[in-house]
């Protein structure tokens, strides 16, 4: 059947996009949808303020509206920019990586903890979890006090691990990496901590894969 | 890479298992994990009481403990029997179709509604949604007043549709089919109502697919 | 002392701005801050979609950033567009009329009800009330099934009254008019129903008035 | 137009009343309502126990019932004594300073923290926030371990500041002074911490001011 | 061992006290505490307003403080007047019949429904259930539109039954009689509806019985 | 009248049963129901895993179904195994000691704290309190890091006391002993801490006592 899942990196940093492509590569299977990763060249180099979030919102909508060939969209920024307006522009699935990470965590353990960049992202997360109606299952968020770029580097691992450990101590049973670019820390964390660790881009891409494969009529085709 | 997802139908009705196999067939891709569907012969013909739920719990655990070749398990009954004890028996993912249906719904719309078999299942659902901590996003459950067997038949469609419409009227933006065997109603409901309709077995199998493809180290293998 | 409160109508309809000016006129007192009402000429004629909301967001931020002479801002649209990004741009108060209407209602009675334009605004409201963390005090929202323009007309009163009565029946003790332009219905509703009726623009302007009068040092000046 | 807002200090300490008058003086404008502050001579010298709360309840109701010339009442004690029974005695607004402080805080930031006198007031606050339905937005309460009288003195400032800082650390974005008599600490806290600091008596008086100016028909008069 | 449980009827109607005595008589056992029922002669004939509630609050405290011979107190009014202040006056248990009815219901079924006198009591109940933190388990309250006196009469039974049935329809699994004087309807309701029906005075007296028998050291005495 | 309350110790350790009998002995009164304590010989020596919980579930149901002479059942394990399936098997009351302990705590103070065996029991408790809908009133759970057997010994008292003190510090007003076998610590804790301390087996047995005495028709018999 085929089809296409488009993952949009709303910042203009192509390295982030490349990391994203590596992260979701295991989801690309023969006969399944293609996983196309794109950099939004008009975006800021990193999305670090609310202004950045707002600046990418309408450009994201334009991409969604113009790509009639895409079966499902993933907006690959942990602030979930533009979800509502993109969903208004199409009936095809538009997924946010924060939402998907949280829901995936809830299917793998009781309370979740978030490794966050810093205090200001934690405040945004509290509001988001309340809006999602799942705040009762958040065991906490632990700040790295790092920039996006620094959090992505291998050198950040000891801080990431310490943050994750403090969350487990606080009762978390799963750990969410609270940024699109921390995928590299996932495997070692799982190996060392022995709990599910969720990379948000992977979680959203996996959800998109399922939705595309099961899109209306899919179950009929399969039975034919 | 391969791997296996085992979907366990905890009742002894092979027709249900066959329907389940058809429902998840679109998720079976070359290079991806096999989707094995099994009937638990020792189970009751249908799981309709709390006693039935408890009777299948330890047998489910035995299957999970004995199948070391399986990468992820799906327990395909909307009562989510045995989740906790199966998870205690393994570090591999064990997914419940009710949990996965709800989380998938939450990624596709704001409040969800459930097409339920009858009032007693609705009561169990309220407790479960509260335990999941997502009761604030349930717009309601509408009873069909039908047996499991009757709900699966094509003749049930008008009742299913009426229930779904009442849920949309109550504010639901997505509809969950509240039983493992209502897959056949999904496509026509989507066509007629224009909203996401979630089949719980499909939702759990899709989640399992993602988890298996992304299992520890997966992102490295793919990048290699 | 003086000072200025700027009320921004983010749509381009000057009649709405004029109605807003009439609504808040009683809050303009000698010695108190001026209440300046402006029309955002670049806005859509009415804010009816999520796209409209997003389109006015950054222009609102620009106004806030450029008007260094203003002491407090009121964004006069019941969707509360741009609150977060405007607040990032200044340390002066930026108030949203939906937030202020809800909080004012909570100070005047136990549960509140909202007279809403239609089902889609109700869905947005549920999410917003959950994000605000006050959903437990919402007795319901009743749809008028009217456009913004139609809801503002005197002819809409019977529908507005019927909606308000249904909310009181559902347990509401206060009524919020769920749109910036329904001020004219407030006085007759209070007269006929005998409960507090909150006009959101008035509620936000009153809150702004208090904040400006009490701004840092205010209590010292007064005591001098 | 004029009108009168009556602020009732339910304790018999005239110094508290004098401080209250200074706190709300900036809200008294030419053409606006008078702000009358009264000491309830029959009250205890300080309201420190539940018994004190109950002892002032019916006397407060008597004042409300007997002052037909008043347009809005403020009960100036952070325990909000007698709100329900006073509201039963009149259709005019009766505002409690704890309720108003919380709602004002919610309009100025996400989660709030309370500088409390001691552990027993914190316990009462938890119950009150739950009753208000806003407990999800409380980041915590920090005890001063001081008496009412001591908390009012300038010497208490270092403790107040330390408490506020611990609340910001815990995620609060606004600070509520949890007692009627801590107004003097507000300006220096704002200057040093850079976040909104809410004095409850001011918050309630400001809300009363708005309600009186916007009382039924006001918007018509103003437009005439 | 003996001991005394004092049930205080805070209204001055001795017939209510007599009904209460009949209701709790089955809890009076040889060797167990005496169940003393008293009428508070200074109370109103019926507690129907918030003013009535406040008027009995301090007199209740006086009784609690003066009766050093009592082991546990039950305040037998569904508005739970004076609980906080009475608890401040003693370390012995002081139980409210509304609180005890709700907690007893929660031990006997999932969601509860309340047969209420009228809309105003329902509003008070919503606030109370929120304060108790159990609002998520209330399936609803159904108004009888009857006075206290009328609700107690045998002739009220058809209305009580209809209200209870509507609550079961709404998902309640247990029924609380929302007034101290509806005991007579309990047995026929249980017989006809087949669900637990809780009389609040009985629920509180039973809880008091347990607390007195298990008071500090009781388990030692018994083992001696 | 008489009657029988059956307390089932679902583990096979007769010493636990003996301790349970001592704990509830004060509730056995002349003319009241007999309190029969039984050891479930087929149970594990201690219930420490989810598998243990599931293994005792159906055997508990069998006991309930076969003992037609019993008026009320208490399942004496803090994991509340088998509640739902036992309740399905009878219309007589089946009480769980965890549920009863929590509800009893809620009638004796605002927020409760739990002295728990270890981190894994705390995780189960969070889920249970959420399912009960009372998580908003839990001030926390403090782990002893002890086995069931060790927690029961007198030597554990200093750890139990330290845990309880930490919970009071966190805002708890009552303490629940989170295991069926910690009764011996109750009296000294009450003496030293001065707050209500709830033994769960006692709480459930007391609730059963009340229900049996008040069973349908009881109030009539007593009045005859």
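By written order: A, B, C, D, E and F. Residues from 1 in each chain.
Note that in this section a contact is a pair of C-beta atoms (placed from the backbone, for glycine too) under 8 Å apart; a residue touches a chain by one contact, two chains touch by 3 or more.
All values derive from a computational prediction rather than experimental measurement.
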Determine the set of chains touching subunit B that also touch subunit E. C, F
Among D-F, A-C or B-F, the pair repeating the B-E interface (over half the contact pairs identical) is D-F
Per the definition at the top, count C-beta pairs in contact and tell me whether D-E or E-F has more. E-F
Expressed in whole Å, how far the mean CA point of subunit A lies from that of subunit B is 24
Chain centre separation in whole Å, for subunit C relative to subunit B (CA means): 43
By the touch definition above, subunit D meets two or more other chains at residues 127, 130, 133, 136
For each chain, which other chains does it touch, given as pairs? A-B, A-C, A-D, A-F, B-C, B-E, B-F, C-D, C-E, D-E, D-F, E-F
Give the list of subunit C residues in touch with subunit A in this complex. 49-51, 53-55, 57-58, 61, 82, 84-85, 87-89, 127, 130-131, 133
Contacts from subunit E onto subunit C in the complex sit at residues 119, 122-123, 126-127, 130, 135
Which stretch or stretches of subunit F touch subunit D in the complex? 110-111, 136, 171, 173
Complex interface listing, subunit A residues touching subunit B: 22-23, 25-32, 91, 93, 95, 99-100, 103-104, 106-108, 132-134, 136-137, 183, 186-187, 190-191, 194, 196, 199, 202-203, 205-207, 209-211, 213-214, 216-223
